[in-house]
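These are the structures, in structure tokens.
Below, subunit A partners subunit B and then partners subunit C, in two separate complexes.
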Partner chain A sequence: MANSLALTRLQEEHRQFRKDHPHGFFARPFDEDGKRNYFKWRCGIPGKKGTEWEDGTFHLILEFSEDYPTKPPICKFDPPLFHPNIFPSGTVCLSLLDPSKDWKPSVTIKSILFAIQELLGSPNLDDPAQAEPYRLMKESPEEYRKTVREIVRKGFTRS
Partner chain B sequence: MDDECHSHADPSNIYKGAEHCFSSCQIVEKIRHSKILLIGVGGVGCEVLKNLVFSGFVNIHLVDLDTISVSNLNRQFLFRSEDVGKWKAVVAKDRITKLCPWSQITVSVENIRSKEFPLEFFKQFAAVICALDNHKARLYVNEVCAFAQVPLFETGSTGYQGQVTPILAGSTECYNCEPKPQQTEHIAVCTIRHRPESVEHCIVWAMYLFDVLFGNLEDSNPLSDEKEYKVSHLAREWTFEDGARKTSTEQEWENMTCERVVNKFFIEDLQFVESLKKDTLSSLSILNIPTQEQLRRYLLNVDTKYSVEDLKLEEQNPHQLVWTCDKAYEVLIFCLKQLLRRWKESKSALTFDENDTISLAFVTAASTVRASAFDIVAKNSFDVRGIAGRIIPALSITNAVIGDIVVFQLLRFLSGTCMKDLCNARLSQVSRPRPRYLDEVIITPEFIRPPVAEYVCRLSLVCLSERLFGKILRCIICHQLLLVTCDARNVTVRQFIEDGLKKQMNMEPFSVATDVGYIIYDSEQDCEVPVEAQRIDKSTIAQLQVEEQPLSILDESGVYYRGWIRHQCDVSLSIERIFSFGDD
Partner chain C sequence: MMEGLKAEPSTAMSGSLEPSDESKLQITVRDGEGGQMTFRVRKSTKLKKLMSNYCEKQGVAYGTYRFTLDGKRINENDTAETLQMEDGDCIDAFLYQQGGARCESE
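After this line comes the complex of A and B, so read on.
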């Protein structure tokens, strides 16, 4: 049995998100063969205007544990993104998702998605998770932005 | 224990004693005829069972799904060394029946959450005593007892601490009302991978590495993107398509695999971390990374230098020195080789077991190397076992006191005291200014009058969830309970929602889910998942297998309910509110 607090909270998140969500974002429990589970969500984040991620929509899988909301969900880009703070597996490294840092049980799914959207445009170079984009960003920010724009144009825009 | 001298004992003395105690035969009759459910026959369970039969209880049902292990024998006194490996519930029953032939003990070797135990099962007992060791199963028992409205005595013990809590949902606070401390600490992925801060982080990383290489790699493993280093994967790499080996000997295959693994996880990764440190930190530690030549030398001589027996001796010694980095590298390679051979023989995934010398030495060595790379003080294999196995100390004295208090409380309840007037007992160690003996420990039970349910339900969970969406959450278990009775074979989910929740309860359900998160109903699924909508119309409750378990129901208005669908043949759908403290 899972923790019923986690489940109740996820139900409430679902209700709140459906009532009111920011344009371009989506978040809902995942369906596999028409069966859906509250502990796995599929979400979408639009690239922020004015950043190299603009015009793209990036899909994430949020996995919640039974200890949610005491513990944060694992947020994984699917497919993984070329970004200094995203592990090669797609997992996002962000202080908001770290319970020893900024995570609080009151952080909603909506605010997680906003924070990740923000992170895309402003990477944190003190906390690298992927070697290649980290080095590129550090050595030549212009080249980095060009590479990202190219990746977004090729694989993440709805045509 | 001398079986012979007790085997002809008669319970009449017990009842005479009880009659004298309570000065009433009615209570004695109650004791004699009450059925008691004891869940968990471990440390506390053995004590409770003994106390129950010697207080005159006859009908006792035991539920436990565990087998007896050597480490149980020091405190679970109903078990002996020849019982190791047998079912706890079965052996406990046999021993007690021999001692007290008049007792009528029945057993189930089964998980208490199994469908074998529907709500009706719980309703047959005068009281339930919960002597479990884990939070999840306790939460479940707490909730079933709330739905069944059966008095529950919740017990627990760790070290010198212990507690007994009498619970009757609606009348006392329930087990879920008071937030429990975190059982496992959550460690962020980046902490495990790049910035361990304590030796625990290094040990957890080493256990994850064990799974990456030899075990079943789960997506939740923070090292899951290193799939290519799975041994099964590495083995394939050195095999031609026709099955022939690229390497000439087994020995060579072993060495190459070890070299690759050590190079990747203990040299390259650490060098990468070092290079990051140079960027972000001013001071950097000098990492003792072996050269390739040293590594080859280790590969050649570890087999003669170490043995499983020596490592076993070491792990039993709490005062053993922490391994030096050199030794850790050597032991690591030794264990890698041993594990590779084991994997080759079994051809299936290995699981980490802290009682297995090689697995433990692997995790100790890997965590030692990693700890020294991050300037963290490493631990010896004795301590690593404790941390990796999350071993909690258990003391027979605490169990015995808890076992006494719980049966005493049960007797008070049967003799007419209301559940809400029984006290919660909390056992803790007290210090004395001048101890008489050096190792003297004093433990005292403290009896606390429980707060009334209504008050607790309003306050609980506030600190845990803070003010989510501007409203205070109350205990979701004992707040709003809906008991649904129907013939689960005929009623569809749609009927349950429309005829039951909407018509009978005037609700507007938003979603209904089982406790594992499976969504049974969602008010908007027609547009989100068409397959689901169809299932709701056609499938019965029994087909979806969602009866006889707790359900979480959220109303469009934001009010939560807990539900339970009780199956009864040939009855029409009806819903009753078990109790309610009213809405805000």
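After this line comes the complex of A and C, so read on.
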């Protein structure tokens, strides 16, 4: 049976998110046969204005274990994104999501999504997770941005 | 641990002086420009009413905005009850011509 601490926290996170979230972001537990699965969420992050990700909305799946919030959720873009710090599987590589680095149980889902939005526009080349965007960003940031804009325009905007 | 709900000034609180009615919820609609409007709605009233009131107050035709809760589009026949909404919940409004608001229609 689910750890009640994790479940209570996740239910509260959902309630708070519905009441107070930045426009365009969403976070909702999966609906499984009319029942909410609070351990698996679908979230959406709008690309930040002024970055190559603007005008897109990017979906993520967050998976929580019963050790949450001691342990962070696994955050995976679905579909995966072309970005130096996102693994080809879509999993996000971010110190905030690493329990041996910056993760703290007090980090809310809202702040995770904000941090990931920030990461999209500010890749960290010291910690690459995907070869091609890393190479392109390193060799030609301009070409990288152009490629991302094209990907966003083609697959992540509502026409 | 969690950030509390901020007290927000509202622009459409005409019902706020009525005696408190358990079955009415305060629902806020936010646009992408920082604007917001608060409505008091009955749990069983179709949300079409809220959506058309919002458009009317914005001075635009019904259908100019798309409304989402949890990233899912709100349908005309949905009610606060069917969507399991609570007092203080927020709805996002998107202008139709705006890009970047992909949401699935599950």
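Note that in this section the second predicted complex is superposed on the first by the 155 of 159 C-alpha atoms of A that agree within 3 Å, B and C clash if a C-alpha of one lies under 4 Å from a C-alpha of the other, contacts with A are read in each partner's own complex, and residues count from 1 in each chain.
Everything that follows uses one rule, which is that contacts are C-beta pairs under 8 Å (C-beta built on N, C-alpha and C of every residue); 3 or more make two chains touch, one makes a residue touch a chain.
Note that the coordinates shown come from a computational prediction; the quantities given were computed from them, not determined experimentally.
Participant: Once the shared chain is lined up, is A:S106 touching subunit B (first), subunit C (second), both, or neither of them?
Facilitator: In the superposition, A:S106 touches subunit B and subunit C alike.
Participant: Based on the superposed arrangement, let me know which partner A:D67 touches: subunit B (first), subunit C (second), both, or neither?
Facilitator: Once the two structures are laid over each other on A, A:D67 reaches subunit B alone.
Participant: Just to be sure I read the superposition right, which of the two partners does A:K154 touch: subunit B = first, subunit C = second, or both, or neither?
Facilitator: A:K154 sits against neither subunit B nor subunit C.
Participant: Does subunit B (first) or subunit C (second) touch A:D55, or do both, or does neither?
Facilitator: second
Participant: Under the stated touch criterion, which partner chain does A:R28 make contact with: subunit B (first), subunit C (second), both, or neither?
Facilitator: Touch status of A:R28: both partners.
Participant: Quick check on the superposed pair: does A:G47 touch subunit B, subunit C, both, or neither? Answer first, second, both or neither.
Facilitator: second
Participant: Could you let me know whether more residues of subunit A are touched by subunit B or by subunit C?
Facilitator: The partner making contact with more of subunit A's residues is B.
Participant: Under the stated touch criterion, which partner chain does A:R15 make contact with: subunit B (first), subunit C (second), both, or neither?
Facilitator: both
Participant: After superposition on the shared chain, which partner residues are touched by A:F87: those of subunit B (first), subunit C (second), both, or neither?
Facilitator: A:F87 sits against subunit B, while subunit C stays out of touch.
Participant: So which positions on subunit A get touched by both subunit B and subunit C?
Facilitator: 12, 15-16, 18, 28, 106, 108
Participant: Using the touch definition up top, name the residues of subunit B that touch subunit A in the complex.
Facilitator: Spelled out, the residues of subunit B in touch with subunit A are 113, 136-137, 139-140, 143, 176, 182, 184, 186, 188-191, 193-194, 219-220, 222, 224-225, 272, 276, 279-280, 461, 464-469, 473, 476-477, 510-511, 513, 515-519, 522, 524, 528-529, 531-532, 535, 550, 552, 554, 556, 558, 560, 562.
Participant: Inside the complex, what are the residues of subunit A that reach subunit B?
Facilitator: Subunit A reaches subunit B through residues 1-5, 7-12, 14-16, 18, 28-29, 31, 33-40, 63, 65-67, 69-72, 74, 87-89, 91, 93, 97-101, 104-106, 108, 126-129, 131, 138.
Participant: Going by the contact rule at the top, pick out the subunit C residues touching subunit A in the complex.
Facilitator: These residues of subunit C touch subunit A: 1-3, 5-6, 30-32, 68-72, 85-86, 88-90, 92, 94, 99-103.
Participant: Under the stated contact criterion, what part of subunit A meets subunit C in this complex?
Facilitator: 12-13, 15-16, 18-21, 23-24, 26-28, 42-44, 46-47, 54-57, 106, 108, 110, 156-159
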